[in-house]
Amino acid sequence: MNQQELLKLLEAVQSGDLSPRAAIERLKHLPFEDLGFAKVDHHRALRQGFAEVVFAKGKTPAQVAKIAGAMLEKKDSQHNILVTRADAKTFAAVKRANGKAARAAKFHETSGVITIERNREITGKGLMAVVSAGTSDIPVAEEALLTARMMGNRVEPLYDVGVAGIHRLLEHREKLTEARVIICVAGMEGALPSVVGGLVAAPVIAVPTSVGYGASFGGVAALLGMLNSCASNVTVVNIDNGFGAACVASCINRV
Amino acid sequence: MNQQELLKLLEAVQSGDLSPRAAIERLKHLPFEDLGFAKVDHHRALRQGFAEVVFAKGKTPAQVAKIAGAMLEKKDSQHNILVTRADAKTFAAVKRANGKAARAAKFHETSGVITIERNREITGKGLMAVVSAGTSDIPVAEEALLTARMMGNRVEPLYDVGVAGIHRLLEHREKLTEARVIICVAGMEGALPSVVGGLVAAPVIAVPTSVGYGASFGGVAALLGMLNSCASNVTVVNIDNGFGAACVASCINRV
Amino acid sequence: MNQQELLKLLEAVQSGDLSPRAAIERLKHLPFEDLGFAKVDHHRALRQGFAEVVFAKGKTPAQVAKIAGAMLEKKDSQHNILVTRADAKTFAAVKRANGKAARAAKFHETSGVITIERNREITGKGLMAVVSAGTSDIPVAEEALLTARMMGNRVEPLYDVGVAGIHRLLEHREKLTEARVIICVAGMEGALPSVVGGLVAAPVIAVPTSVGYGASFGGVAALLGMLNSCASNVTVVNIDNGFGAACVASCINRV
Amino acid sequence: MNQQELLKLLEAVQSGDLSPRAAIERLKHLPFEDLGFAKVDHHRALRQGFAEVVFAKGKTPAQVAKIAGAMLEKKDSQHNILVTRADAKTFAAVKRANGKAARAAKFHETSGVITIERNREITGKGLMAVVSAGTSDIPVAEEALLTARMMGNRVEPLYDVGVAGIHRLLEHREKLTEARVIICVAGMEGALPSVVGGLVAAPVIAVPTSVGYGASFGGVAALLGMLNSCASNVTVVNIDNGFGAACVASCINRV
Amino acid sequence: MNQQELLKLLEAVQSGDLSPRAAIERLKHLPFEDLGFAKVDHHRALRQGFAEVVFAKGKTPAQVAKIAGAMLEKKDSQHNILVTRADAKTFAAVKRANGKAARAAKFHETSGVITIERNREITGKGLMAVVSAGTSDIPVAEEALLTARMMGNRVEPLYDVGVAGIHRLLEHREKLTEARVIICVAGMEGALPSVVGGLVAAPVIAVPTSVGYGASFGGVAALLGMLNSCASNVTVVNIDNGFGAACVASCINRV
Amino acid sequence: MNQQELLKLLEAVQSGDLSPRAAIERLKHLPFEDLGFAKVDHHRALRQGFAEVVFAKGKTPAQVAKIAGAMLEKKDSQHNILVTRADAKTFAAVKRANGKAARAAKFHETSGVITIERNREITGKGLMAVVSAGTSDIPVAEEALLTARMMGNRVEPLYDVGVAGIHRLLEHREKLTEARVIICVAGMEGALPSVVGGLVAAPVIAVPTSVGYGASFGGVAALLGMLNSCASNVTVVNIDNGFGAACVASCINRV
Amino acid sequence: MNQQELLKLLEAVQSGDLSPRAAIERLKHLPFEDLGFAKVDHHRALRQGFAEVVFAKGKTPAQVAKIAGAMLEKKDSQHNILVTRADAKTFAAVKRANGKAARAAKFHETSGVITIERNREITGKGLMAVVSAGTSDIPVAEEALLTARMMGNRVEPLYDVGVAGIHRLLEHREKLTEARVIICVAGMEGALPSVVGGLVAAPVIAVPTSVGYGASFGGVAALLGMLNSCASNVTVVNIDNGFGAACVASCINRV
Amino acid sequence: MNQQELLKLLEAVQSGDLSPRAAIERLKHLPFEDLGFAKVDHHRALRQGFAEVVFAKGKTPAQVAKIAGAMLEKKDSQHNILVTRADAKTFAAVKRANGKAARAAKFHETSGVITIERNREITGKGLMAVVSAGTSDIPVAEEALLTARMMGNRVEPLYDVGVAGIHRLLEHREKLTEARVIICVAGMEGALPSVVGGLVAAPVIAVPTSVGYGASFGGVAALLGMLNSCASNVTVVNIDNGFGAACVASCINRV
């Protein structure tokens, strides 16, 4: 039942063709989503609308290009567009397919992210820091950083500040203290969020990476380390989930 | 918004005090659960109403007795009452607390189940068999059997028919073939459902038990065995979940 | 010992050449499978006969084509033929090898299923619904859907109704309520069966998929979620086992 | 080196007894913690000072009472005091030991939390909601709720809104939408945060509980479910860590 | 159908009341277990008859005593009787309940085994050695040793010959070489079977024990070590399964 | 120190050039392996000498060919030669490299085994049966079968007798009963050894295979099932270790 | 064969009663352990002789007292005596049983260690530091500290220097730098050894503790963290194995 | 703040432009790393400076060549250069890129290590032994051996001395006894370190390798075996971490 039909029903009540009690019976079986849930949907749109996202993995370059093209054609939206887990072929397809609008597309090879920036407004309330432990954690950190930027945050990277050389991290203490929310990316033993969490008052979103070998078990060691962090301002997202960390951090930076 | 309020709204439309379009606006914010979800709730009542259930674990004897007492006081319901994971103390409290009505209460020590049978109508469409492998699987099997009986099924137990003495199982082939749905309870290697599934055309609900030691890992070995069953009519519920298996089997025996 | 030999033995009893007691001794060592198990086999044929199935993975295209060809040549069977986990090469081989009969073969690329439909009779008693959470769960969902159809069920897909946008699922509540059995396919956290199970009275066959990354551990997270479902009408099959779920659901839809 | 010593060193420079270059050499070996880290400590005090916390598990009642007594004696602090994982004996000891000041002590039996409230100022910026799935998740939820209150937040509980009866959750949609940050506590399959996350724009802190049996593996099933949540505003803390969730949520509610 | 009924059927054939072909039809539905499986049962009796076994764990002392009493009353059997996983209370009950016959009962406290020896015949073909690594592995080793003895094997213990003092093991090389089959019991890293296996030509049955702490995970470390043994004459039974190891070794020592 | 040197030392004692006490001092530092361990080595030769084995995985075709060539050149040995985990390229290299002697080389593609049979003597005492559950377990079963044959055993395969069609296994009961030792190969739920073990008195060597998908975890489900077998004559070797099973079974068949 | 017998044999060679070749034959079967392994044993005595150790867990107080008494009675040894994993009852038994000598016995309740110090000589070459993260790690740290002291090392504790308050650790940098070997004890995320390892040049022995809850899995999180440490001077011992860490550290401190 | 700025500040104190107390205030906020941590860095340089290391995995040949080139250009350093986890392409790039200096570069194919030796001074105090179990463990053992050599140690390999042929190990007992520190590399059951540890007084660094199949789980079986070693002088590094073991062993060999 859409609004048209609802309107007809209410007009039938108005005209006396349908009694209020009979209308109640019909309304009881009304698919509620046509009423109340529009609001919910609106909320979803408001919330996630700050960037449109395509997850490229498992999709062909052509499929990604088509989806991105459709996004670019929507006249009434100037949201930034973000494609994650893409490769050079997908980037070429996106460039080729979308004419003039795709000129802005950039490929960030390290993280496999494609960005089409159409809106540079900063809507996040404060600084976001993306801290990472080793050079091999950078792909995940960059995914987080680009996602957060596309979502309207001012973001600064602090890379290669692993705990085995603790002074490298301490050098950046002022920047860490300034941040309103921190994304902390680490593989291996995943100890960085505990140290960072102990230095700041802001919430720390920990991202374990699958970096490491042997008993790192594809990031499980780092994940467990972060879940057991002795710092009380640390929460955790899934392994390698830089995108997810940036989503949560954006939520926090907007509340 | 309850039906009263909805009636008022529609009467205002009828009387012309409210235009249909204005009514739509107000209906959009209507808490949908007052409409459509009554139906859902009704469904839940219909479905689960064939027995009232109390999960005793983690509740004091007094708490269980109070809940059971409240069920017995409901005048308009003659459902059977089932208390699972209870002990002798809880049974004593249930007996004591509920006066005459509690005379029917029985305690099944092996499985820790208390039953108060008030309705012996068989509503399940066919025979249900509860097959178990070893004597130590019987507590879980009995929980399934009693649950299924309280829910209105004709149930027959086939106990101690483990696969290391395959002829014991084969002796009961006719009974197995007759069953409309089979609950199959096994610990250790959990091989019984595969053999049973190969003998019958009915669906087999497999229940791994935590029986075993060493590398049985509290039922994980049996659980994995059942999930990997080479018989294609086997599904699985959680470890030791005799109650859940009986719920699913009852669903199937009513469709 | 085949029937010929048994006949001779009994004729010897009839003629007096062999005493009944001596016959008993000989019968004791009779390979029982020549007697009683024919019935079992017959049962198997009856049960599984609604479709002939080839599991293509680990077989060469030629091998699959040969098996399918043999199935097509059996004059007295008009069962549907189902090849699972196949690819385009296998499909080409099946088409090429089987002459006219193979014209009906269709390849369903998403799920890697080849179907040769020869019998459109609906033998399942009610509607079967195949519900899936995300777009990446569709290959498994489609395997379930096609298997169920080949086995004579009326099946309807409800795709992309994951729990993070709960209204999408609720829109289809009526269809869910209509179904006699539901297959519910989900990866990641595997939460969909719990929500679906709470909305309906029918049994829900949950299929965890290996979709997800990091701590999804190839479907383990979804599997555990489903085994621990708080809805009491949910059972579980192995990860990615769309075929198996359809087999069980067909069993249920025939009882 | 403390400030006295540093002052001497600088006075020696001032008086000419020590050249600036020689002073640099000595400063190079200066224990930096006497300088810069006071600030860090100050930060820690500022951040965690909104409540003083004792983790009672593994401590004797006497030890807890002594620690709490010392906190109460600090004249210049009127922070709330929180004791987690305590039992009735510990509560008795705390009451007995601390004279008048301990009159305010309350024991919350369900969660094993002792609170001594001395400051009712609300310092959190918005509403915090604590949502929990089943009745057995309430101990963890209550630990979160009391911790958050002691830390100066306005908190509202929404209990028993598990996903198998989705309408119970949807009834509270408005309250959920109002919350600035949500703590979501669930055991078994841990599906609740995904559904809640899909309904709101606020960050959701998911707390898996060890509630469940069999393949719940003491909360691992719920933990994995939450880490794999398909809602992008969900982060996770350790199993049963209601306290930690409240700490993080308080951080977020203050930024 | 029992032999009586079968006799009647065959007499009816003999008398001409039943044709051979009609008899075949009736025999087809004959429960085969009444024929062929007697032989299997006989085999089971023959095989396991060398000792009667009661698994005491999970049974009350009274239950164990009753079972043992029934075994002692069987006039035609003089098998040894073995009760595993028993305690002093169970032993007292066994002694009390079974009169004169129970005088022979002995309780082996270390392993919790009760033996009633009625038959000292050695039926095993060669020497069996039970080798164990540390003193804390002795309970499991003793269960194996006593089981093997009750089953008619000549068995010698070689205890406390762990691999960290390799010379202790090498001292017994001659005894090891003499053994026809070796049971090798070890906890912690479970390295002993590899070393023993490399020294002998006989089959080695490895028994992991749950001895150890931390990352021994209740015997998993030893179990994995044994499964991955680099000696090619090593097989493995379940953790702490001294009884099972002795059963297998007895099988081997009789073939 | 070799025998020559030892002889010199003793001759020096004989001649009086060295006192007995001085000789003891020198003997104390004697590398003992030159004495006692020669015997051990001899044992090893005796034991494993019934076949020479090359594990091809991780070696280049040239390396394998070279090793096999060296074995063929040893004049005084006519042992069979076995290459496991080989491919067609390795087979070609073996054929090419070893001249006339290599004519006997055969490649068994299913299992990746190369055999060079030079000695057909049967040295095993009885029949060995290799039983396997599904067609996909055959590669592992064939590795076991060929290994056992090369080691001088009479071996018979019983393939495709999985437990979901139990009558297929029961048909071969006589053959199973005849076997002196049984190798039992199964993937998925690994239930076959329990059923086989219950039918026979011989020892059963269970080999889990990595066949299966989803929650089979590369053979872990089958491994756990076999370790928890309720039949007491079952032992277990590593996943896919057909070669190892045949080694153990050969040991048993020779004792 | 002991030295006496060997002497006789050599004297027989000297006297001509035995030819050198015949002597070789007899020497070949000489149990080598009587020669060469005395040296090994001597080595063991030398190495472990710096303290005598009793592992009390699983032993009765009487057993421990008896073992300790026997140690005290050995006239020619003045080694320190260490009893680990003991309780107050065991301590009482040790005191009671051993007369005057036991006056020196002390019970360290936190770690359950009993020490009988008879030798205060420092034999370790440098300072050993025992660093621990949280107060609940102290029992394991103290076991390490006392073990190391009993073994003749100069040891200093640095407790409660967890990484979430990194300045507490940095304050002790000079002490850390001084240490020749460091034992680093930590539960929860196990991050401390990485930070410590990055600050020093000495080897760091990491001991994971079972401290933590939820996803710490009894120390597995800490263990994995330490195995994956990004500092290259870190090695790991088993969970809670303070004793073992001290043994290794003592080895290092003596080389 | 760098030294220049600090100098200015102190000169201002000297000149009287700044009071000592005001200087303290400014110094309190001084980034401490500019002072104290230089020392720490110096320590790091001293410690790790005995070799420069590039981890090639995940880097392109060009990147590795560039890094190595930069190392070679540093005039004031003559450290050895070590590239781990490299392949032939990377070696070619390193050779090509670095002119004359690269002539010394050697590629060790087995372990994938490139060495550029510029300094043959032995700085380790004693002999280091690298012991390995099977031929397939050699790549990891060689990584350890080459790393240790590049770091200035005298190292001897003892390969192929697995525990299933214990005499092979015992032959080298003297060499083992001579070693000041031992690296012990083993896959499969990981038993070697226990046996080696029992033979020597030196610390043993155990390296599990991912060699094995089935239930070796990529080295987990060996890792657990080593963590549970019954020899008290064994510590463990991560799976396949030959480099790390050599770093720790070098630390120990320098203290």
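In order of appearance the chains are A, B, C, D, E, F, G and H, and numbering begins at 1 in each one.
By our rule, a contact is a pair of C-beta atoms (placed from the backbone, for glycine too) under 8 Å apart; a residue touches a chain by one contact, two chains touch by 3 or more.
What you see is a predicted model; the values in this text were computed from it and never measured.
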Both-way neighbours, i.e. chains that touch chain H and touch chain F: E, G
Comparison of A-D and D-H (more C-beta pairs in contact): A-D
Equivalent of F-H within the choices B-C, C-E or E-G, defined by over half of its residue contact pairs recurring: E-G
Same vs different contact residues, chain B with chain C, by half of numbers used: same
Separation of chain A from chain B, taking each centre as the mean of its C-alpha atoms, in whole Å: 41
Whole-Å gap between the CA centroids of chain E and chain H: 51
Approximate Å spacing (C-alpha centroids) for the pair chain B, chain H: 60
Sequence positions of chain C contacting 2 or more other chains: 31-33, 36-37, 40, 44, 165, 170, 173, 198-199, 214-216, 220, 223, 227-228, 238
Every chain pair meeting the contact rule: A-B, A-C, A-D, A-G, A-H, B-C, B-D, B-E, B-F, C-D, C-E, C-F, D-G, D-H, E-F, E-G, E-H, F-G, F-H, G-H
List of chain G residues in touch with chain A within their complex: 133-134, 162-166, 170, 188-191, 194-195, 197-199, 212, 214-217, 220-222, 224-232
Residues of chain H touching chain G in the complex: 40, 43-44, 46-48, 125-126, 173, 177, 180-181, 198-203, 205, 223, 227-228, 232-239, 243-244, 247-248, 251-252, 254-255
Chain E-facing residues of chain G, complex: 31-33, 37, 40-41, 44, 58, 208, 210, 218-220, 223, 238-241
Complex contact set, residues of chain F against chain G: 3, 6-7, 10-11, 13-14, 16, 19-21, 23-24, 27-32, 35-39
Residue ranges of chain B touching chain E (in the complex, touch as defined): 136, 165, 167, 170-171, 173, 213-216
